[in-house]
Structure formats: C-alpha cells, structure tokens
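In the part that follows, the structures are each spelled out as structure tokens.
Next, two complexes with chain A in common: one pairs it with chain B, the other with chain C.
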Partner chain A sequence: MRATLERVSPARARRAPSRPQLTRAGVIVVLLLFVLFGLPQLLSLYYIDTMTQVAVYSMVAVALGVLVGRVGLVSLGQVAVLAIGAWVAARLLFATTQPYPLILLEAGLITMVAGLLIGLPALRLRGLYLALITLMLAGAITVVLATVNFPNGGHGFLGYNGSLVHIPPIRRPSIAASDPAYFRYSVVVAILMFALVLAHIKTKPGRAWAAIRQSEPAALAAGINTWFYKLWAFALASFITGVAGGVLAGAVHYLYSIGFPTQDSITLLAVVLMGGVYSLWGAVVAALLYQFLPSLLNNWGVSADWLIILFGVGVLQVLTTAPAGLADQVPKDLARLGRLLVRLVRHPAPSAAGAGAADGGEGP
Partner chain B sequence: MIEVDGLTVRYGGVTSLDAMSLTFEQGTCGLIGPNGAGKTTFFNVLSGFVRPASGTVRAFGADLLSMAHFRRARWGVRRTFQTEQAIEELSVFDNVAMVHEHSRLGGASRRTDVLDAISFVGIDAAPETKVRTLGAGQRRLVEVARAVVGRPRLVLLDEPAAGLPDEETSHLGDVIRRIPEHTGALAILVDHDMSLVSACCATTAVLDFGKLIASGPTAAVLRDDDVIRAYLGVG
Partner chain C sequence: MPSWQDFQPFIVSGLALGGVYALSGVGLVVLYRATGVLNLAFGAIGAMGALIAWSLIQAGVPGWISWLACVAFGGAVTLGYGIIFGPALAKRDPLVKAVATIGLTLILYGLMDLLWTTSGGQARSLTLPTDNSGFMVGQVQVTWTQVIALAAGVVLTVATGAFLRFTKLGTAMRAMANDREITATLGVPVRRVEAAAWLGSGVLAGLAGLLLADLVALDATTLTFLVISSLAAVLIARLRSITVTFVAAIVVGLLHDLLTPITSLTNYRDMTPFVIAAIGLLVLSRHQVMAQSREEA
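And then the complex of A and B:
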C-alpha cells in the first residue's frame, strides 16, 4: 500500500488543467458567446423576453440549488425572496438615479439581510419543518406585498400611489434599454452570480457545506461551525435571489404582487430537483423548464397548467431513478445512446440487442 | 495528558458513564469494553456532542468541557466515527484540507500539510480522487488522515478497523501506532479487535456498564480476571 506513495507529490497535485477541462471550458465560452450574440438575432421579441426570464430564474434556481443541493436545507420560500429583491430594486430605481449595477448590488444586500432575519430563527429547524416554516413565511410575505403593493412611482417609503393614472415603467440601464440588450445584460448578471456560486463551492464554504450535508457530527468534528455555514448559505442564496429580483424589475417594467404567488415556490423546488440540484447546469435546465416551456406551450395554444402534471411526474422520475437530475442524466443517456449507435453501425442487426443490454448494465 | 475526573453521563434513567476517573498519559491508549459499555459516549463527551451530568476533563491544562464542540477541533481534538464519515462528494485532498482550514494553522503550509497527512496514512489513490469512488479501507484512511492533519493534540479513533480485512487492519495498526510520534498527539483507540489494541496500545482501560473496571499496561489488563469476566459474561 505504501509502495505507491511516491506518486503523491505536491507537483502532481498542482497539475495544469487537463485536456477535458480545457475542452469543457472552450465549449462553455462558445455557448455563452452564442447565447449573448447569436440567440438574440435568431429569436422573436416574445422569446427574447422569455429568455430574459430564463436568465432571471436560473439565478433563483442556482441559489435554491445551493440551499437544497449543497447544504441540504429545503426552502419553499424563494419566490417570496425574489419578490423582496424586486420590491427593493423597484423602490430604489424610482427613488434614485443610481447606476443599475449599484441598484442590483443594493437589492441583493438588502434581500440578504431580510433572508438572514428569516434564516436566523428558521435554521433551528431542519427538514420538513424548515420547509414548512419557509413556506409559511413566503405566504406571509405575499400577504404583505398584496397590501403594500409594489412601488409604482409614488412617494413615501412604500412608493405606491393607487390613484396614479399614468404609471411610469421601472427603468432599465441606459446601455440595455431594448429587449435584446436587456437580455444580454441579464445573462451577464447571471454569469456573475453563477461564478459567485462556483467560487463558493470550490473553496472553504463549499467543503464545509459538503460535510454538513453528509453528516453534521462529522462537520462539527472537523471544526466546522455548522450554524454559521448554514447561515452563510442562506445569506448567499438570498443575495443572489435579491439580485435576480432586481433584474426582473427592469425586465418586466411593471411589478404586481399577483406575479409572485406562494405556490410558485413549490413549483420552483420541483423544477430545480428535476433540472439537477447538484450541478450549475441543473439550474439552467430548471429555469428553461420553469419559464421557457410555459412560453412554448402558450405560443402553441396549449394551457401551461398541464405542466404541473408534467413536473409532478418529472420529480417522481428524478427522485426514484436519477437523483442528480436531468443535467446529469441526459448527457449520460446521450453518451450511452451514442455508444449503442456506434456499435450498431459496426456490428449491424444480430448482435444489436445483446450490445444494448451489455451497455445498459455497464453504467456510466 | 488527559485527566478525566468523576465523569458521569445519564440518558434519562440510564447511566452510560458512571463517575469515570482516569488519566491518559501519552502515546496510544486503548479503551475497550463490551457493547454499550460507554466507550463511544466517552468520545462523544470529548467531542462535545454529549453534555455530562457531572465531572471534568482537563486536556493538557485546558478545560475541554467548557469549549463549544466545533471549537474543539481547532484546539486539537480529532476523531473518527464508528460508521465511517469521509465526505463522499469531496476529493481525498479536500476532505483533509477541510479540517486543516478550520485548524490553528494558516493557509501557507496547507498543501504540504495535507499531502503529508495523506502520505502518512498511505492512501493508495491520487489526492484528487473523489472519496465516493474509494473502498471501505481507503475511506477509513481518509478519516484517519483528517484526524492527524493540522497539529492535533488528542486523536480519538472509534473502531477504525471495524469491518476491514486482516491485511488492511494490520496496515491501519501501523498507522495508528505511529500517530503519537508523527503528530505529537495523544491517541485513544476504541476497538473490539484485541490483537489491534495489543499491537497499538501500551496502556489500556476497560469500561463495563459505564464503570472503569481496569486500567494499566495492555498485556496485564487483558489477563485481568474482571476483564475476562466482563467480556465473557461469566458471573
């Protein structure tokens, strides 16, 4: 056993990025360039607006993924947190002439403080009870928002004036006034938020979260202040969701409390689980399921309500057969299909069934 | 040196540890006893997971029981668990680095310290390997590596060889025996494998129903009549 120790040298562990890593990085860069510059040329305004929503909800999904997938905290209140971010951003956008990035940062930070206030008592609970308490808080926030309304250019702390006839739209950054430009802007903000999550996962907090999710005693025995790191996850998720709320405010121009129903948080958790709660790509898949699919169905004249059934079946499928979600399962299935096709081409017909069975047993 | 004085733990009506008083000098000390004797409870008190009803633990002059559980690792208490708890999602390196970054040591020496701990326990896999892909014996070694990194003062090993084949147990025994000299820590080994305890521990203490029934040089303790009676269940 110890004869192999010489291999484990510092030089080896500090190796340069491998070829698959470089390839992956290249693919991601090309994909992002396509999304930023190719996609707006190809899509109609209807779908550009949809994709802006996808960018917004991918941030919400990645934040929920941190809580559920990394730390094991189930929150059913993320849409309400998004509403807080949108409210704060809208209020600041009407009240000040600050540049948009600053507004987004402030919306994120203020939402983070709100999230921490919610998280402090809630983190004493876990599992079903934490889910229940976050759901009830989300309900409470929805009720409060329905009463105070979203800012519409009025005065005072709440910034709402019910007798306004001409409601001014929530402004966008001057560099991103048009819909395609605002879509690009949203994607850039989303990339920054994904990078923020990645920076956490790959470093000290990510390791601490992984330990907490698997075993709190092991985490404590490793010297990890589990309470602090859970709160940190809550703070990070609230910050990102708050920023997403700020982007949403500019995207839609007008905000209404009916746009943030409590039950949407449940659907959101379902799509995040379906997309894949352990990977960042899963958050993108979740956002596509949550925003793109309904738009597609609406465009085809099919009621998007059918999706609730689809999501229900999807969550069941994911939880029973593919816990890492579509982001993990689809590439594996495609690779398997590819290998099967290659074999079919090389050894046609008779051995095909046998090859398929052997391949299926092999696993990834 | 660890001085345990009058340590009593009760769960409801059950007394898991009954006025345990014992001094662990240095090196690797064995702690044995039948199932339910209170060995893991004792470890849980030292780790801060269980609050004793009474008693004190002074470890190298510090009052261990007054420290918050997560701070004890920083002070130097390390442990492995009866059911192995290597973090599956992380690599071997990250599993060990995770403990180092919450220890008293700074980040400058982290990479060397972590790789040193990995090579000390002799893990037969590259540091960047995910723990999820490792077998039971290697995972145990990851846990032990976590326990020896970052200048531990007290290393608690809770049945580290449980379920391992003989060959891996003897390798683990070699590692455990070298822990005090390599890290300067005092190690306490709980195990049912008497040959492992004999091989690793100069002194051994025996618990039975929460009471300390013997302690001293391992060979003498294992010949003790009370100990044989406790293990064999003879009246």
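And then the complex of A and C:
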C-alpha cells in the first residue's frame, strides 16, 4: 500500500518521511542526547577519557569506512594521517591563540592537502598496490615523526625543544576545559563529521563512489570522472582524520611520536572491517572495539593481547562469512534469534522442523 | 661526510640484511605467484618461530633441534592457514586475500605478546654459533652468520628460479599464476600445488625469522613488522620477478646500512625501504595506468 503511494508521488514521499524512518531518527536523537548529557554523569573520569578517545577514533573509522566501504580503496596508513592532523593542530595551538574550532578546521584542511599530495600519485595505483603504498608511506611518516617529534611549546617551524624541562600541555577550548565538557565537545565534532559523510553519501559523490566500487571501467563508461571522485574520497577521509587528530591533541594534552606506530594502522583496518564498512554505525562499533574494549579489559586486569587475537579472528571471520561486519551481523542475528524465540513460544516442539526450514530460506 | 673507512663495516652488514630481505622477498613472491596471496603474516610467522627456538634453547634443547623447530613451525602454520583459508578465499580479489593475512598477523602477534611478555624488561637474544667465528676482509670483521645470510639469499633466489623454470611443480605454479581455472582444467592438482607453495613459503618465513632474530633483534614487534621492509623489494618487482626482488632487496639492505654513519641522515635510514618502494612503484606505474589484471575485473 505504502509502496504504491510512494510510486505515485515520489516528491511528496521524499518530503514526508515514512514511519520507520521517523522512528529511527527519534532513536538516534534520544541516543545522542543520552551520550551528550547522560553518559558523562554516569561514567567515572577513566571511562570519560576512554569515551573521548572513542569519539576521536569513530571519526577516523568513518573516514576509513568511506575509503574502504564506499569507494573500495584500502588504506593501511590512516593512523599516520591522524598523526599528521594531531601534529598540525598541536603546532597551531602552541603558535596561535585562534579559537579551537578554527584550529580544527585548519588542521583538517592542512591534513587534506597532505593527503592530496600523497593521493595524487598514489591513486594511479589500484587495489593491492594502493594498499601497500599507503602502508609504505605510513611507515615513512612514522620515521619522520620519530625524528621530528611532536611540538611541545618550543620555537621554530617544528616547535620542538628537547631540553624543555616544563612542557606546557596542549590547550583545550575554554568552554570545554574539564574532561566531561571536552567529551561532549568531541562528540559534537564527531556528529558534524558523520553528518558531512552522510551528506556526501546521499548526494552525487556517494552515487559516483558506489559506481566506482561496483566496477571502475563501468563507472568510467558511464561518464563518471573516476580519478576526480577517488581523489575527492581521499581528500574527505584526510580532512576528517585531520580534524580527529586535532580533537585528539586536546584530549591527551601531550603527544608523543611513539603513540602512532605503523602497526596501529593495520589494527585499525582490522577493527573497521570488523565493525562494518557499509554503515556509519560500523564506525562507532569499530571505535568501541578499538578504544573502549581495551580500557574495559585493562580495568578488569585482562591482557589486551587477547583483544588483538580477537581482532585477528574477527578479520578472518568478516572476510570469509560476514562482509558487512558486526554493525550488520548483530542486528540480523538478534532478529533471527527473536523470530526463533517467538516461534518457540507460539508453537512448541512439534513445528521446530518447519521453523528451521523457514529460517534456511531467509539465510544471508 | 664520513670517510670510506667508516662505511666498510656497513657494506658487510648491509649485504647480510639485504640477503635476508631477498630470502623473505622470494618467499613472498613464490606464494603470491602460485596462490595470489600476499602473505603479510610472513614476519609474524618467522618471529614466533624464532621465539619458540629461543624458548627451546632456554629449556636446554640442543641448538640445531630448536632451529629446525623454528623452520618447521613456519612451514606448519603457513600450510595450515593455506589449507583452511586458501580455498575459501581463492576466488576473491588479491587485496582481500592480503587483508585476510592481517588477521593471521594479529592472532600471532597477540599470542607472542601474551606468551613471551616484554614487560619483564629482559632483552632476549638468539645467537647462532656462526656469530663468533669469522674472517677479516681488509680491516672488516665478517661473521659466518652474515655470510650465511647473503648466501641464503643468493642460493634461494637461484634455486627458486631454477625450480620454477625446470621442475614440473614449478611449471604448474607458473601456470596457476596466469590462470587458476584453466590450469585446473588442464589436470593440474591445484590444491596440492598451492599447498606446496604455502609450505615452501612458510619454511622460508621460518628461516628468515631465525636469521633476522640473530642479525637484527629477537623482538616480536620488530620482527613482525620487518616484513614491511622486504615488501618494498617485492613491490618493486611488481610481485612477479624473483631476480628483481633479489636486486631490490640487496639495494634496500645496503642503502639502509650505508646511511648509518652519515649523521644528518642516520635517523631517517629506516625510511629507505619505504622511499625506494614508493619511488619505484610510482615510476613503474606510469607505464600501465589503466592496465587491469584479470582478478580485479
């Protein structure tokens, strides 16, 4: 019924969202309000810090998700890009008294330029070669950072002074000096970045990316400037990761090059694949896996190595059986479990065989 | 600028390092050509093998059994992974296959960190008896381990090249590199040939791990991610030519160590493989901008 109505007047249907859409939007708003105002009240400082990291890495994950899930470009160097963003933001924060949002924007834009400089030559490569060259570049950036170091309030272009005794912390915005306030601040920035990604996916670039992911020659034949849209995706991902780096700089106060090892880029790709690259929720799941679970295990006294092993198993599982990741798999599994329970309650034992057959028909 | 005298020892160590990179590179290329899998877990497998060898030696097991255990572990783990995940991913893009080996890398890396904790602070080291004996070339001390490393690189490159060219199994592997389906139609036992490639590559991983543990450091993180350096050589060879892999590996190893005495560049010497790979790839890619392989289509 609803479907036929929509077919008659697509324009009106677009203006008036359907009920499930409204429900979903309502749930998201309630969830965000809870995260912004409820969560900081409930959590200890330890977990508030952790959740700030989750907000930061959800931005990194959503950027990587755009590359991997939407366009089909695998980058193994995203943590190096995050380090560039953090470096630029820290340098600007020490050098200027500009307001924080402006600094974040600048960090994003400068990181974007750096990403474009890398992307321009690298995008001539494809598939495996592109992934490996990003890994190589990440390795090179890590080596440079280890020598250059993060700014610590020193002078000169690099802003590093190795003999500084009292290192000033990287400042935070005046409205978000405390940890709970900074958590809210980073969530708001993350929401803006997610909205930016959503705006891209729903419009022309998103459709071009989808075409490129399906088949690049076909996209080319359809008149899509594949080179331009791939570069655009690269630029967008670098921008968001750069902004995330800026938020990270304020969150931790002190930055060290040892905090951005090349292998983190590899782990990050693993969790992003596990979370799910085809939905924005996947980025949130990935960030929770990457930052929240280690804190939780640390609190319980369990070694974080188990988590690394879990991530390894997760990657293999995602690639062999569940390409859309946890964000897709868990709701499906829960729905299936729910249906199974409902059936079991309605008709006990005798019709179990029938239920099994129906389930088999709906399989993935 | 340092004098020629200062560079001499680094030529020797650079050649040795290049030899092991070549060894790893050959292992990676052979597997890639036969199965389409770029094994990013190569370093992790070697590292775990080396750590097992270390533990065995600590427990009083004779050295040569421990070294064999290291090589056998490399072969067994790689073969096991290949048998379980090889067929499941056989029809997927090379990129997916490579990312899947990241899963194995993380599992092994987590296990190593769990079983051989580094928090104790005691540095482990694996020494081969060939470390202490050597000879002098001019004024430079050369250990037999360094000779073995370079020789292993040379011998294995030549032997693998000959194997691929002249033996039946090698021909089958080359055929599969071209087209897996057609090769299967021609009656080649595809699974068995792939298993052989996995096993051979795994043995090379164990060997490389053992040599690198001695030449560089016995440390899970270092050894696991040292594979990135040998990847540089493999990339320049476009994952195909064993000869180019060998030459590139030697160049990477030599340049890396020769930068050590130059004070202004010594901090940047670890960038060598990445920079060489990046330049090499970008120059090579100019000639085939839209070339698309069958697997990617």
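The criterion applied here is as follows: the second predicted complex is superposed on the first by the 337 of 364 C-alpha atoms of A that agree within 3 Å, B and C clash if a C-alpha of one lies under 4 Å from a C-alpha of the other, contacts with A are read in each partner's own complex, and residues count from 1 in each chain.
To be clear about the criterion, a residue touches a chain if its C-beta (ideal position, glycine included) is under 8 Å from a C-beta of that chain, and two chains touch if they have at least 3 such contacts.
Since this is a predicted model, take the numbers as computed values, not measurements.
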Greater residue coverage of chain A in the superposed arrangement, chain B or chain C: C
Which superposed partner A:L307 touches (first chain B, second chain C, both, neither): second
First, second, both or neither for A:T226, with chain B first and chain C second: first
First, second, both or neither for A:L67, with chain B first and chain C second: neither
Which of chain B and chain C A:A218 touches, first, second, both or neither: first
Contacts of A:V79 with chain B and chain C, given as first, second, both or neither: neither
First (chain B), second (chain C), both or neither touched by A:A210: first
Contacts of A:A131 with chain B and chain C, given as first, second, both or neither: second
Chain A residues contacted in one complex by chain B, in the other by chain C: 215, 217
Footprint of chain C on chain A - complex, ascending: 74, 121-122, 124-129, 131-133, 135-137, 139-140, 143-144, 146-147, 215-217, 262-263, 266-267, 269-270, 273, 303, 305-316, 319-320
List of chain B residues in touch with chain A within their complex: 47-49, 69-74, 77-79, 81, 85, 87-90, 93-94, 97-99, 101-103, 111-112, 115, 118-119, 122-124, 126-128, 146, 171
Residues of chain A defined as touching chain B within the complex: 1-2, 4-5, 7-10, 12-14, 204, 207-208, 210-211, 213-215, 217-218, 220-226
For the chain C and chain A complex, residues of the former touching the latter: 38, 40, 85, 88-89, 92-96, 98-100, 102-111, 113-114, 221, 224-225, 228, 231-232, 235, 239, 267-268, 270-271, 273-275, 277-278, 281-282, 285-286, 289, 292, 296-297
